[in-house]
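Look at the two complexes coming up: chain A is in both, with chain B in one and chain C in the other.
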Partner chain A sequence: MNEFVFFLNKGLTSGLIIGSIYALGAIGVTLIFGILRFAHFAHGDMMTLGAFVTLILTAVLAAMGIVLPLPLAFVAMFPAMIITAVLAIGLDRVFYKPLRQAGAKPVILVMASVGVTLMLQGLIRLFAGVRSRNMFVEAPKEIFQIPFPGASRKLVITEPQVLLILFTIIAVIALHWFLTRSRLGKAMRAVSDNPDLAKITGINTNHVVWATWIIGGSLACAAGTLLSMDVTLKPDLSFNILLPIFAATIVGGIGQPYGAIAGGFLVGFCESLAVFNWAILLRPFKDDLWFEIPRNMALVPTEYKLMVPFLILIIVLIYRPTGIFKGRVL
Partner chain B sequence: MSLLDITDLEAGYGQMSILKGVNMSLEAGEIGVIVGPNGAGKSTTLKAIFGMLNITGGAIRFDGNDITGMRSEKLAEHRIAFVPQENNVFASLSVHENLEMGAYVRRDDFSDVLDHVYEIFPPLKEKRDQPAGELSGGQRQMVAFGRALMIEPKLILLDEPTAGLSPMFMSQIFDRVIAINKTGVTVAMVEQNAKQALAIAHKGFVLAGGQNSYTDSGQNLLNNPEVARSFLGG
Partner chain C sequence: MSGQNQYSVMRDITLFAGLGVLILIIFLTQGSVYSLRMLVEAGCYAILALGLTIQWGYAGLFNVGVMGFIAAGAASSMLITFPRNPEFWNSAGPELVAVFIVKLIACGVLVWLANISNRWGIGGKLRALFIAVAIAVAYLVLSDHMSEMSTQIEKASGWMGGLGLPVAVGWIVAGIVAGVIAWFVGKICLGLRADYLAIATLGIAQIIKHFLKNADWLTHGTLSVSPLPWPVPKPADGEFLLARASYLSIVAIAIVIIYLLLQRAYHAPWGRMMRAIRDNENASASMGKNVNGRRLEIFVLGCILMGFGGAMLIHFTSIYDPSGFIDLNHTFLVWVMVILGGSGNNRGAIFGAVLVYIIWVMSEPLALTLFEFIGTYGKAWFDWDPPSDLNSRALQMRVFVIGLAITLVLRFAPQGVLPEKQARH
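And now, the complex of A and B:
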């Protein structure tokens, strides 16, 4: 039974955690692609940026001596999401909108977003340095140990992980409600579906573009903050998860928000299950097995974890080129 | 004064000029049909009215306002609706959502218009929650018409509404056009099926090479032996 609890802790929980982060990031990437038709490579650094905004606000709250039942960083995340959304609209205004209005091809916008990535990375390093920081300014993070029936090992989950999972569930429900019930949300789907017809119909494209950056920017901030609360905040934190997020977006079907969620969790679970040492689960049955259990039976060594999203990507693109939820063909 | 007045319109895509002086005027409540050989600039004329390409000369006046080169988004507010020939529905949105999007520029209560559209297109009511992309060609055309009607347009522009439909659907579409026109909507329509279209037209415009070759009432154009020989296939 202990082995099973170990599996829940190391395999499933970590898949759920990283899957939630990927899903939050991939929603933004997929919406930006659906509405603005380009792959936004600066999305990872928008996450880092958002996390740093949260850190600054958290430090301010802590300096004011505020004590809350929730981690300060989690509370500070909500105003930080608004700030990041405004910053995202600002970035669009300065770097992407002029290109769009000049009728630039998508690939030029992609290159511009690579430029924004480098700029944001530079700015963050310039002002915050390169060291990693703890998001828990006021107190160490709380760790819940839940006893599991029939096992001496306990289920372990930390407070930020619980908050992350709850936040992701609420964000997904809110997004679904927004896209299917609200006038602006439906207009977003209409623009993503058929931009020319949307114009003919009189849909205000500017509002739709703002809504896209608000959702993309605020969720990027949340993903960056929650990820840094789970580990630590480093300037290159989100850049490293950018590629799995793009894999999740493509696997889910480009331009499909529900696909992005599914793709995020699929990639997250596959990653954590691929590096999980399956030998541990087999150990209780070692007397009944005809072979010697090797010490490590992970499908992929941990150092090669980044390979997993691409493997899934290749498989999906071979057998279902438009992604799980029929998205756009690149 | 006419509802729609186009004078010496010149327009094209980028450097290529396609319209070289098109003249067209429609009174309120009329059906105007644009016919002519392929490449004559029929659809281009509609697109030019709807601000979708570069206008290099001439003027378009609608209801007393100059709308030359006005952006498509603005024209819906002037209650001009456009039904393109292809990709004229939001395929992934439900039929109902398509109609709601048609009313996007309206901030008032449009439930009576919605009821009216469902009344003239009963199949749509039945399939209101189905994605528009899953409907048959004829039903998709109904969605496209319905979407355009949601702003209660004064003028509706139809780009080859019968293209790709079976003859049975074709006469249905013409009946619908007449029905829509009877409610007071001015119609400007481009058609390949010139004879049937001119038969229901108050005014006909025969374009060739980006210019008017004949402008007359629909009936007179049908009876004109020269038009019949060169454009209507004898």
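And now, the complex of A and C:
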């Protein structure tokens, strides 16, 4: 049983955690891709930016001597989400909107977003340096150890992980409600399906664009903050996290928020299960097996973890470019 | 195209004359040894920029994996030209590598057969199953052999070592390897929109770098390899001037040859077709042009140039270090060169490469001085304690400036300083 608990701890929990992060990031990317029609390369750095905003607010709260039952960083995340959303709209106004209005091709917007990602990266590292930081300013993070029936090893889950999973569930439900019930949400889906038709029917595209950046920016902030609460805040996310997020977006079908969630979890689980050492699960049966168990039976060595989202991306692009949820091929 | 941005011969001459004066000033103030080094590197970047400008300017392909193709080219050139490692050749290593190559070819054939099985009437789900099984078998066989091979080689001889062939062979192989990788990437992504190519090239670049960093048996990993051989006599006893000048002449000859060939291709029917596809894909497809086929051609061609230029660059620095391949220096810097110089204009690419590289090299001491200044006066006037890593932070300023340059050029001068000359036929 101990081996099974180890599998739950190392394989499933980490898949769930990283999957939630990818899902939160991919929702924003897929909405931007669906509505503004370009691959937003600055999303990874927007996550870092959001996490830094949270860190600053947390430090302010801690300096004011506020003590709360929840980690301060989690509380500070909500105002930080608003700030990041405003910053995202600002970035759109300064860098993307003029190009859109000039009728630039989508690929020019992609290039502009690459420029934006470099600017954000440079600014963040200029002001914050490159060392990693701890999001828990006031107290160390809490670790829950849950006894598992029939095993001496305990199920381990940390407080930020619980918060992350709860936040993801609530965010997904809220997003679903927003997209299917509210006027603006319906307008967003309409623009995503057919921008010209939506414009003729009198939908205010500006509001839709704002809503897109608000959702994308705030979820990016949340994903960045929760990821850095789970590990540490390092300003080197950008391109490393971009690939799995794009893979999740394309697997789920572009412009499909539910697809992005499914894709995020798919990529997250594939990644953590591919680097999991399956030999550990087989060890209890070693007397019954006809072969000797190798020391390491991970499908992919840990240093090549990045291969997993890339391979998923390639396979999807070859065999089903629309993604699982029948998104568009732009 | 606005009147101001029209192509004109005068503009061409003025800008190149200005660049010449700038280089002259650098020669006079910094000394010729330093300036020659800068010029050689700028020349290598010009080849990279030419590779990118034909992808972007001729065909509108968005490649953000320039660094990956440079790394692939540099690594293969290093393997071809570096002296042999006798320990490796006396161990069981060569046999293992030969078996690996045989297995690789066999697996490739297997996957290919599964992929074309629809020609023999195996379609739909069965074909998908065949492909999945073929890929899984290939992966398991190859990864198993590779882990075995890497441990054996690392134990017996540290790493493979090179083949000790002439440098020219290494450079050509560098181009071929980059081209083969590009063929696979392009085959998958070119039928789709430009964004997918961008994502895929970004991914392949990271993966190539990861592989080179971790494959200790093949490339010595992060331990780096030096000294790489030169095609001309190396600077012995401080004779930098002659050695660098002869290296520069080789780079210059390569640039001239590549430039002339590209100009010829641009004005040939092939180039005209390329521009037709770029400007109106549907129209040219309806005229019976094979859009994806042509795009694949130009993507591979551009990546061959990148591999070749990358090999030249690495051989000049004489040290192969996989951690030294950085997105910023090897992808986005080249992008700034291309869009600033004028996409679709080969002279523009060369101009942009040399100018931007000079600015780039000069910006490092400039940023450091600026921040030293800020640090000193910040302390003196505002009692501000500068962080200890101020210098490494100062260099991040360049990341910001590169990003700013990209966005500004896109918005205010999308044609670049030397716009494409619209050929009339």
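By our rule, the second predicted complex is superposed on the first by the 327 of 330 C-alpha atoms of A that agree within 3 Å, B and C clash if a C-alpha of one lies under 4 Å from a C-alpha of the other, contacts with A are read in each partner's own complex, and residues count from 1 in each chain.
One rule holds in what follows: a residue touches a chain if its C-beta (ideal position, glycine included) is under 8 Å from a C-beta of that chain, and two chains touch if they have at least 3 such contacts.
In this text, all values refer to a predicted model and were calculated from it rather than measured experimentally.
By the touch criterion defined above, A:Asp193 lies against chain B but remains apart from chain C after alignment on the C-alpha atoms of chain A.
With both structures placed on the common chain, the touch criterion links A:Asn9 to neither chain B nor chain C.
Of the two partner chains placed by the overlay, neither chain B nor chain C lies in contact with A:Thr232. Shared-chain residue A:Gly202: touches chain B; no touch with chain C. Shared-chain residue A:Leu313: touches chain C; no touch with chain B. In the superposed model, C is the one of chain B and chain C that contacts more residues of chain A.
When both complexes are overlaid on chain A, the residue A:Pro98 reaches chain C alone and has no touch with chain B. In the superposed model, A:Pro106 lies in contact with chain C only, and not with chain B.
Shared contact residues on chain A (touching chain B in one structure, chain C in the other): none found. Against chain A, in their complex, chain C makes its touches with residues 60, 62, 64, 128, 147, 188-189, 192-196, 198-200, 202-204, 206-207, 210-211, 214, 327-328, 332, 335, 339, 387, 389, 392-394, 396-407, 410-411, 414.
Taken together, the chain A residues at the contact with chain C in this complex read 33, 38-39, 41, 95, 98-99, 104-108, 110-112, 114-123, 125-127, 129-131, 239-240, 242-243, 246, 250, 301, 303-304, 306-307, 309-310, 313-314, 317-319, 321, 329-330. Within the complex formed with chain A, the chain B residues making contact are 50, 71-77, 82, 84, 87-93, 97, 100-102, 104-105, 147, 151.
The part of chain A that touches chain B in the complex is made up of residues 183, 186-187, 189-190, 193-194, 196-205.
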